[in-house]
Every structure is written in C-alpha cells, then in structure tokens.
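Both complexes below contain chain A, partnered by chain B and then by chain C.
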Partner chain A sequence: MAAPETTFTGNRGLQLEEPLIFDQGRPGRSGVDLPAAAAAAGDRLGGLERQGAIGLPGLSEPQTVRHYLRLGQKNYGIDSGFFPLGSCTMKHNPRQGEKLARLSGLASLHPLQPQSTVQGALELIDSCAHWLKVLTGMPAIVMSPAAGAQGELVGLMAIRSALEARGDARRRVLVPESAHGTNPASARACGYAVESVAANGRGRIDMDVLKEKLGSDVAAIMLTNPNTCGLFETDIIDIAQAVHDAGAFFYCDGANFNAIVGRVRPGDLGIDCMHLNLHKTFSTPHGGGGPGSGPVALAESLAPFAPLPYVAHGADGFLLVEHEGQGGGKPLGRVKGFHGQFGMFARALAYMMSMGSDGLRQVAEDAVLNANYLLAGLKDSLSPPFEGPCMHEVLFDDRFLAGTGVTTLDFAKAMIDEGFHPMTIYFPLVVHGAMLMEPTETESKETLDQFIDALKGLAERARKGDVAYFQGAPRLTPRRRLDETLAARQPVLRWRPAGDKTVE
Partner chain B sequence: MPKVKYSQKHEWISVEDGVGTIGITDYAQGQLGDVVFVELPEVGQRLDKGAEAAVIESVKAASEVYAPASGQVTEVNESLADDPAQVNADALGEGWFFKIALADPADLDDLMDAHAYAEYVKGL
Partner chain C sequence: MRYLPLTDDDRRRMLAAIGVESVDDFFRDVPESARLKEPVDLPRHSSEMEVERVFTRMAAKNLSPDTVPSFLGAGAYRHHVPAAVDHLIQRGEFLTAYTPYQPEISQGTLQCMFEFQTQVALITGMDVANASMYDGATACSEAVMMATRINNRAKVVLSGGLHPHYRDVTATMGRFLGLDIVAAAPDWQGKENPARLVDGETACLVVQNPGFFGHLRDLRPLADACHGKGALLVAVVTEPLSLGIVESPGAMGADIVAGEGQSLGNALNFGGPTVGLLAVRQKYLRQIPGRLVGQTVDTDGRRGYVLTLSTREQHIRREKATSNICTNSGLCALAFSIHLTLLGEQGFVSLARLNHARAVTLADKLAALKGVEVINETFFNEFTLSLPKPAAAVAEALAGMGVFGGVPASRLDPERSELEPLLLVAATETASPADIDGYVGALRQVL
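Entry: the complex of A and B
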C-alpha cells in the first residue's frame, strides 16, 4: 500500500507539525508552582502595575521542551548535512573550539573587569591578532569589527581618514562585478560613489576597463580574491600597481581567504586592507550559531587610523589602548562594544594553533581540491561558464537547463528533497541563473560523490522534460514551495492574537 | 502613435510632445521575476542619460533602472509603491516608472526600435 498523502494529525511520520508557542497550551498553565506574590509588591510600583494580561503562553515544562526540540529538529545546519552555500564557507566547527571558548576563565569574564585580572584574555586577543598578521603578511589588525561587512566599513573609514589626512579627499570607489554584494553597500555607507568594473570573458577583472576608470578621484578599489566566480584574479599584482600609481588604496575582501590561507600572504600582493571572516576561514560558528567576527588587517599607511580599543604590550604586561592619545596615531574611535567578539577569538586561536602552518596550508589545498572535484564530476551535466580549474568554489550557469522550462530556482528546490542545502543561486550576477557551490575542505569524498550523483540525476531528469517534478519541489519538506513574493511584499513579522488589530 | 524606443539596459521610453514615459521591458521583468519594491526618482530631479534613475528589487535581485535620455522628472508612477506587481503584469503599460521632459530629442537616436530590440534580446 502506498503511504498516505495526508494524516489525521498533520504529522508526517516522526516529522511533527509544530504550531507557534502562542497557539499552544492555555493561559495560566505553568511549569513551576510559585507562591502568590505578596499583595504589598504592587504598592511599590508607584501606580505602574500591570493592568491586564500580557498574553504569555501557558505550557507545562514537557510541552515547552518538546516545542523547542521540535523546532530544533526542523533546523538544517552544517552539523546535519552538506551545506555548499557559495562564498559562505560553511565548514565544520571543531568541537575543541567550543569546549575551549566555554572554559570559565574565558566565558565568565566581565568586559569591564580590571585589566590586571584579565591578562590571559588580553594575551589571547593579542595572540589571535599576531597569527592573523602572520597569515596576511600585514603589520596591523583591528580585531573589534562584528562581522565582515563591518570590517569593510572600518577599512574604508581608515582609507578615508588616510586620504583626508593627506588633504586628498576622493569621491569614488571601484567595485568589480565579481565582488561580494556587501562591498558596494559598504562603500556607499562610507559616503563614496560606487562604480562597477566589468569582468572579462575569463570571469576576471578587465584591466583595460580598470585602468580607464582609475583616476585622481578614486579612493579605493574593493576586490574579492578569489572572486565570486571562484576564480583567482591572476592580474592582482598589476592591479595593485595600477591602483597605487593612481594614489588609491587596495581593499581586498577576505571572505574567500579559505582558498589561499597558508599559501598566499595578501600583504605580499600589495593589498592595503583586508577583512577576515573568522566565521568562515577560521571555522567559528556561522549563521544562527554565530556571532560573526570580522577583523581587518591594515598596511602601515592605514594602521594609525585603527579604531579603539586594541591590545598593546605595556611594561607590566598587556594593556588596552582605549583613548585617543594613549597609543599614538589618529584612531577612528570605537566601532563595537567592548573588544569585539571575544568568544570567536578564542575559537579562531584554538583553530589556528591546532591546525598549525602545515594544517592551514592543507585547508586551502583541500578546499580547492574539493571544489575542483565537484567541477570535474559535474562539468558534463551542468554548465560551467568559464574555462579552467576553479579555486575553493565552483560556479555554474543555467545553460544546461536551456529549453527545459526548469529554472535555477526549481533545480535548487529539488536539491532540498535530495537532502542537501542548496548552493547560492542567482549570484554572482555576471552569469545567467548562477549556481555557486563551495564544498569546503571538511566534506568527505563520500558526501561529494553522493552530491554529484544526485545533481547528475536531477540534470538528467530536467533534460528529459519532467518540468512538473521541478516546479512541484520540494515535496518531502515540512512545507512545500513558499510564496517568497508575498513574504517580501507583505511580511508578517510578529504574532498577534486573533482579533488583534493594533498596528505598530 | 507615440514613438517607443528601447535601451540595451532594457528600459523603454515612449515619447509624446517632448515628454518621455520610461519603464522596463517585458524581457527585463521576466528576467527579474516577481518585483517586490520600486524606488523612484524625485519629481523635479534632473537626470543625465545613462544615470541611475530608479531601483527595482525582485525576489531574485536588486537592479538599477537607468535614464535612457537626459531630462527633468515631471511625474512618477506612485501606484508602484503599493502595487509593484504592475511591473510584472503590464511592464509596457500600467507598470511605467517615471516621466521626463526631454532635454535633447537627439538622445533617442542611438536607442533601438521594437524590431531591433527584439533581435537584441534574441542574442542574449
């Protein structure tokens, strides 16, 4: 007998339907039995006592436990399966880092504790900064930015300060088409006009176009290398030269550092400024498990403008430079509460020290090898837009779907039924119907083989014209295809009780 | 019949009495997918040919709409704020973006006519 399409409960086997917590239980039910509040308590609130029910859900402890466990089971993360989201470096987060960051000597510190009582923590920040400087080959690093995009903004603010300090305020920032999407936004947020630089037929910056656009009002170029086509910008030395000849600064988006860590030092390429995503290359948790962390490495010319605070070596140990004038330079001020994402520094340092220089070098090699393994396995079924090997991520376009009626989006939805988180789709914009896959070095050959087989099967099914299958996907998920348009046009951002008409 | 011309960036401009109505082509709306937000220029704003004039956001991507000719904005299609779906439903009609008083009719000379645009799209 075939499995039933629907069940009486709405559950699908052990995959349970779970309503919102507000739609469960009944008012007054509680997991704890507290004594009634003393009548006198109300008198002390100066007339500000609560006037009515605040609508907290009423659930017992086992109901509450099940609610959150069931929600957690609906989550799909790097610990559940393959997550080849391009340009996101969804690699395994080693448990050792989690354990070390939870040591009470690190996790229980208060950020305002006297510096003499947190020398170990300051040393940890300083050591993490040291190794990041070694890996980038750059003399200074700002540890505090909360994530990559804030790192970009801090880097650009340092560039703007350096230009203004030499009386040479400039107006434009050049951003190649193959750069990360946050780059133009950061430049704009920093007050610059953004100008795009076209890619050539090899998916890399067109040097002629770049040279034409460089001029005395260009403050910086923001390059991502390897770029979002998964390709190394082979002209990077010439790009650096041309940018410096024009008196501009060279910002490199380090989000794809995983492809080159331990093998290439960005400072040697002539880069003046580069952020690192600790939550990508340095394996600290990503997405909902974050927070992110985006230290920015700076060249000598930008170092005086580094924001506060930072750790310095004093006569009696480590000290925090927290005020202008305390450590020289012309610091930008603070960009983040306290010292940045300290817990991530602990994890990233544990990662670097456990990997060692040989291990980090192998990270880059294996990340590139895995991406090329996907390319080799899929190039005859899918359509790679550019010639040659890729770096740590592999890009396909939708030419292999031409004439089938299946779109990149449909294809991605069908991958969910196969048990994979889809790759990045429709980005980068330089190719049509983009599919950008980044396997990272932490995936096994078995996982990659299963993925390749599934995608080859899907591509074959698309070619055979089974459009309805793709348009109906996903079928095996808790919810089918969601109405993204309605969600974007009329987002429902909070729950309201039935009949509640209040508008915020 | 007003004269309609098309740009390589997939805008159309329909000119009548020196005023050009501008929108995006049916091909462009099809490529973008469902439009969820449109940001229009200010009335009175001066636009140079090729300058960024409006922003369009779909479920797939955010893109710019460029002025296919220079001129001053005389009117914008405010109904797109509440109902951006008009761009998908009727890109060449109700889904228009803004109107400009043309600064120089010669700006239209290098734009394509309907036939040339159809050929151009075929080559993409």
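Entry: the complex of A and C
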C-alpha cells in the first residue's frame, strides 16, 4: 500500500507538526523549580513594580525538550549533510570545542573579575592571537570584534584614524562590485562614501579601472581575496603597490581565508588590514546565524590605533589593557562590551591546535582540491563563467538553464529534495543567476561524487524541459516554498493572543 | 587527521580526474614570492587528548565563580541555567545550521526566532523585536543610530546611569558618523535629571533601567520630556530578569529598547558571546537593523516562517542598509528563548522576586557594617556600596579570601576619583544564604 496522502494529525511519521510555545502554555505550569525565597525586609522597587501580566507561556521540561527537538528536526545543518554554501565555509564543527569552551574555568568566568584571577583566560586570548598573527603574517591583531562585519568596520576605523592622525582626511572607499554586501555597508557606517569598481572578463579587478579611480581622496580599497568568484587576484601585489602609491590603505576581506590558510600569508601580499571570520576558517559553529567572531589583523602602520581592550604582556603576567593610557598607542575607542567573543576564541584555538601548522596547510589544499573536483565533474553539465582553476569555491552561472524555463532558484529548490543544502545563489552579482559552491575540506570524495551525479541528473532533467518539476520543488520538506511577498507586505513578526486587535 | 576525510589515495584519484599533477597547480595564480614552501612556524597537529590537557591547564589558572561565592554584576550576571538549555542548543540541527536563507529546510531556526522575537517584545512591553544583535553595548549604539535616522537629528544624550561600555561603544560609533554625543557624568547617586540636556536638536536620550549603579527610575517623566522636544527615549536593560518584577520600558513610554540578554540561558563566557536585544514601536519597524523573522504560508497554505523585510539589510541594500550587521547572535538567542520557555510567566516572575529578595537581604546585612554605606534607595538585584577604602583594593583582598565581592566602579572609569570608594554588588539566585553570610564576614575582616 502506498503512503497515505493525509493523516488525522497532520504529522507524517517523523515529520511532526509543532505549534508555537504560545499555543501550548498553561497558567501555573513551569519547567523550573526554584528554592523558596526567605522573606526580605520589604522591597526596594520604589513603587515601580510591574503592573499586569507579561503573557509568557508556561511549559514543563518534557514539553520544552520535545518542542525544541521537534523544531530542530525541521532544520538542515552541517551535521545533517552536504552544505556547499559558497562564501560561508560550512565545514565540520568539532565537538571538542564545545566541550572545552564549557570548562567551568573558562565558561563561568566573569569579565570583570580581578585580573589576577583570570590569567589562564588572558593566556588563551593571547595564544589565539598568536596563532592568527603567524597565520596571517601580520604583526598585530584586534580580538574584540563580534563578527566579520564588525571586524570590517573596526579595520576601516583604524584606517580612518591613521589617516586623520597624519592630517589626511579622505572621503572615498573603493569596493569591487563582487564584494560581500557588508563591505559597502561597513564603509558607510565608518562615514565613507562608497565607489564600486568593475571586474574584468576574467573575474578579477581591472587594474586600469582601479588606477583611474585611485586618487588623493581614496582612503582604502576593500578587496576579498580569494575573491567571491572563487578566484585568486593574480595582480594582488601590483594592486597593493598602486594603493600604497596613492597614499591609501589596502583592506582585505578575509572571509575566504580557508583557501589559503597555511599556504599564503596575507602580510606577504602587502595587505594592511584583514578580518578573519572564526566561524568560517576556524570552524566555530554558525549556530543558525551567530554568534560569530571577527578578529582583525593589522599592519604596523595601523596597530597603534587598535581599539580597547587588548591583552598585553606585563611584568607579573598577562595584562588586560582596558583604558587609554594603560598601554601605548592611540586606541580608537571601544567597539564592543567587555573583551570580545571569548567562547569563540576557545573553540578556534582548540581547532588550530588540533590541526597544527601541517594540518591547516592541508585544510587549504583539500578545500581547493574538493572545489576543483566539483568544477571538473560539473563543468560539462553546468556553465562556469570563468577559466579555472578555482580556489576553495567554484562559481557557475545560469547559461546552462537558458531556454529551459528553469531558474537558479528552481534548481536550488530541487537540490533540497535530493537531500543537499543548496549553494549560495544570485551572489556574487557579477554573473547572471550565480551558483557559488564551497565544498570545504571536511567532505569526502564519496559525498562529492554523489552530489555531482545528482546535479548532472537535475541539469539533464532541466534540459529535457521538465519545468513543472523544478517550479514545484521542494516537495519532500516540512514546508514547501513560502510566500515571502506576503510576509513582507503584511508583516507578522510576533505572536499575539486571540482577540488582540493590534494591527501590525 | 581526524577532521579530514580525504585519503592520499582519494587525493591522487581526484587530481587525476581533474587532470593536474599536483595540488600546487591550483595555487598558480598566487604570486611566486608569496607561496609558502613549508608549514608556518607553529606546532604540528595534536590529538584531542593533548589539546584537552592544555585547555584544562589554562582553565585551572583561573578562579571560577562556580567554586566561590560570587557577587559580580556590572552588566554580566551569573544565573543558574537549566541543564535542558545547554543540551538543546548543542543539537547539531541548531548548532551547525546557517542563517535560514532556505526557509523550507530552516523552519526550526525560523520558528525559534519568531518565538524569541515575541518573548522579547512581551517582556520589554514593546510591539516588535528583531532576531538579536551582537550584545547589549552594540544594540545600544545601533538603537542610537536608528534614532538619528528616524528624526534626522545628530545630538544624542547619554544618561550617567548608562553602562560605561555602552557609553564608550556608542561614542566610538558616533565619532565616526559625526554625531554629537553628550554623555552625562557617572550618576552613582541616582539623582541626575538627564532630561535637562534634551533640546530640539536631540535625536534621543539613552537611559538604563536598572541603572549601572543599580538605581531604578520611573521612565515616564523622561519619555514625556523627550516627546515634548521631538526626541526618542531609548531604554537600555542590562539585566533582563529585572523585567519580571519591574515595570517594562514599553509601559513607561520608551520608543526603543536595547538590552543584553546574557542573563537568560547564557553562561558568562568571560564577557562573550552574549546576545543583544532590540525592540521598537511598530511605527519604527522599517528602520530597525538586523534580521527579522515573519510569519507566512507555504504553497500548500500551511503556516511557516521566513526572514523578511530584508530590503533594510546589507546583502540587498549594500551601502544604503540600516546597518552593516550580518551575523546576529542566533545560538545565544536560542538559549535565551529556551530558558524563558522553561521559566514561563510563573518561573520568570518568581526568579526575579528571588533575586530581589537575596539582594535586599545582602544590602541590609552589609549596611550594618561599620563604615559601609548602601547608596541605593531602590534597586533590583544589584546596588552600590560606598566603602571606607578604595574599592579595587577591597575587591582584590576579598578575591584572595575566596569571595568575589563585587565590581569596583573605578575598573570601568579609572579617571574619575569620586568612584574610587564605590563597589557594585549583585546578588542573584546563585547567592545562597550561606554565601551571603560568608561575604558579610569576609568584608568585615577586610575593612
């Protein structure tokens, strides 16, 4: 007998429907038992006690555990399967990092304990910084930025501080059109005007265009290398020279450091400033959208402007410099509460120590090998816009779908039914219908072979004209395509109790 | 190496399939001078056991607040986190997922964020909340930038009760954006009236409740004063548990609430990662930075969730976005949400009452010590002591006796000599009656 079309519950075996917590709560129910409070001598709330109920639902512990377990089953993570999301480096997240970051002597530390009681924690930050400095070949690193985008902003702030210190107010930042959206947004947040730089036919910066745009008003160029087309900027040393000749700084977006870690040091390329995403190259978990961590490596010329706080070596051990005047330099201020994403430093350091100098070099080699293997396996079925070899990610456009009626989005949704997380789509913006695949080094040849076979099959199906199949995909997921237009036109951003007439 | 599945045989076969001799061929676009021939100067790979040994050694060099009575606060609070929270956030489906750009296979994260947004809106008394920010300090600076966009003004007034890190982060952002940031002097007595600094040029007034020094304040007169001048009131909350018994900023007229969510579900982590909260009035929805999850339906008409209103965000709008923020603090927000689900209304309110009771008990006992003055008339779970000796030295001496007695105010503002005798003392549910008595005895000895 075939599977039933519908069920009485709406569940389909292990695909379980799960209502909102607000539809499950009952007054008087709680998942926490608390010790009885001894009666205190009156309250000190000064008459500011909350009036009226909050409206939080009450669930017991078993209901709570089941709720989140069921919701988790509707998610696809790296642990679920192949996740070739370009520019995001979805590599395996070692569980050792989770264990070690939770050691009581690390996870339970208060950020404002006396420094004499956190020497091990300061040593951990210093060790993590040391590994990152050696890997980037750069003399200084700012550990406090909370994520890559904040790292970009801090790097630009350091550049602007250095320029202003020499009395050189410049107003423009150059950003290639293939850049991540955070680059222009960060430049704007640092008070700069943004100017776009076009790519050449080989997916790289056009040197002639760049030289034309460089001038005494340009503060910096922000370049991703390897770039978002998955290509190494062959002219990078000449670019650095031209940028420096114009009196500007060279910012490198280090989102794609996984391709070159242990094989190339950005400091050797003339880069002045580069952020690292610890949640990419250094395998800290993405967590469904954070927390990240975005340390920024700085050249000597920018190091004096690094923000507070930072760890220094004092006479009696490690010293956390929290205020201007406690250390040298002209710090640009503070950019985050407390001392940075310490829990992420612990995970990243555990990962770096596990891989070691030899293993990290192997990471870059395997990541690049896996991407080129995908390119070789798919180049005849899909359409690569640029000549290979690629670095750690491989870009295709939608020419192979021309005339089929199938779009990049449809193709991606059909991949979901095959059990894969789709690649990054419609980014970078420089090719039509972009499909950017980053396999990472933590995938086996068997997984890549299965993926290649599946994509070849889908490409063949598209060419045969089965448009309806693609437009109806995905069919096998907890939800099918969702109406994003409706969500934006009539925003419902929270639950409201029945009878609440508040219009959003 | 345990994280790398390719064998040497795999590599050979893959290179052959690609048609190149060696992996070096892939790096031919790298300038010759920049190609490293050997591994960099760092230790070689290590086993899990070896790495664990190093970490255990580093952890043992620290004095963990798990092992001694701890009364540290100042924007980071030690609470008991139920075991279920940490178990659930380590499930691979949450831990190893990405930003939910493919909603059909991300309904778990999306529904959790929708519930989180609702919980934050409920406890703050606001209409809507986003799916989180990096931390409280950056949420505060984003709230300020948002206010300047809304009324197109450049002057920002910061109360002297605002956490110094929040003040400093906002000042840094403001300097680069050309804002006029007016920061009042530290208000350790809880007597300031920052409304007098608000004028017709002011974008917003930022006030923290409970304040950095623990004082509670009625926001209603400040809201009225701001609105009378066309300015917004930004309320900052660094201890969200206070919202269990203290009137919400929304009910007292705040326009934007920026907060730190670490208290719920999250370990102290030496200060990070934590989770920033941002909630606003409905009318300011399209100026809010960061991710938002909205409800919709799928092609079969079933309820589902998607990221929405992304035309505010950097990946669509680039330099015209409301913020450069991309990653938020997803997993920390999930921990916050799970903890609040476990607590429910009853648990949340009871836990807040328990914190307040412990703090009142401690304050009364400390006030009886000779030379010790409790500055606050009002507080939630944290208050300020004035000591007859420099507070930093007292805190250091107490730590030597195995008690974390509080945070010296001078740690955050060392150049202000009037703060030297002041110690911020927090008592949460983790401070047992025995801990409280131990602290009182130790402080008596140190003084």
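To be clear about the criterion, the second predicted complex is superposed on the first by the 461 of 504 C-alpha atoms of A that agree within 3 Å, B and C clash if a C-alpha of one lies under 4 Å from a C-alpha of the other, contacts with A are read in each partner's own complex, and residues count from 1 in each chain.
Note that a residue touches a chain if its C-beta (ideal position, glycine included) is under 8 Å from a C-beta of that chain, and two chains touch if they have at least 3 such contacts.
Small disclaimer: the values here were computed from a predicted structure and weren't measured.
Residue contacts after overlaying the shared chain place A:160 against chain C, while chain B stays out of touching range.
In the superposition on chain A, A:484 contacts both chain B and chain C.
By the touch criterion defined above, A:51 lies against chain C but remains apart from chain B after alignment on the C-alpha atoms of chain A. Contacts of A:416 after superposition on the shared chain: chain C is touched, whereas chain B is not.
Shared-chain residue A:21: touches chain C; no touch with chain B.
When chain B and chain C are set side by side, the one touching more residues of chain A is C.
On chain A, the patch touched by chain B and the patch touched by chain C overlap at residues 427, 484, 488. By the touch criterion given at the top, residues 34, 36-37, 59-61, 84-85 of chain B touch chain A in their complex.
The touching residues of chain A, when paired with chain B in their complex, are 409, 426-427, 429, 484-485, 488-489.
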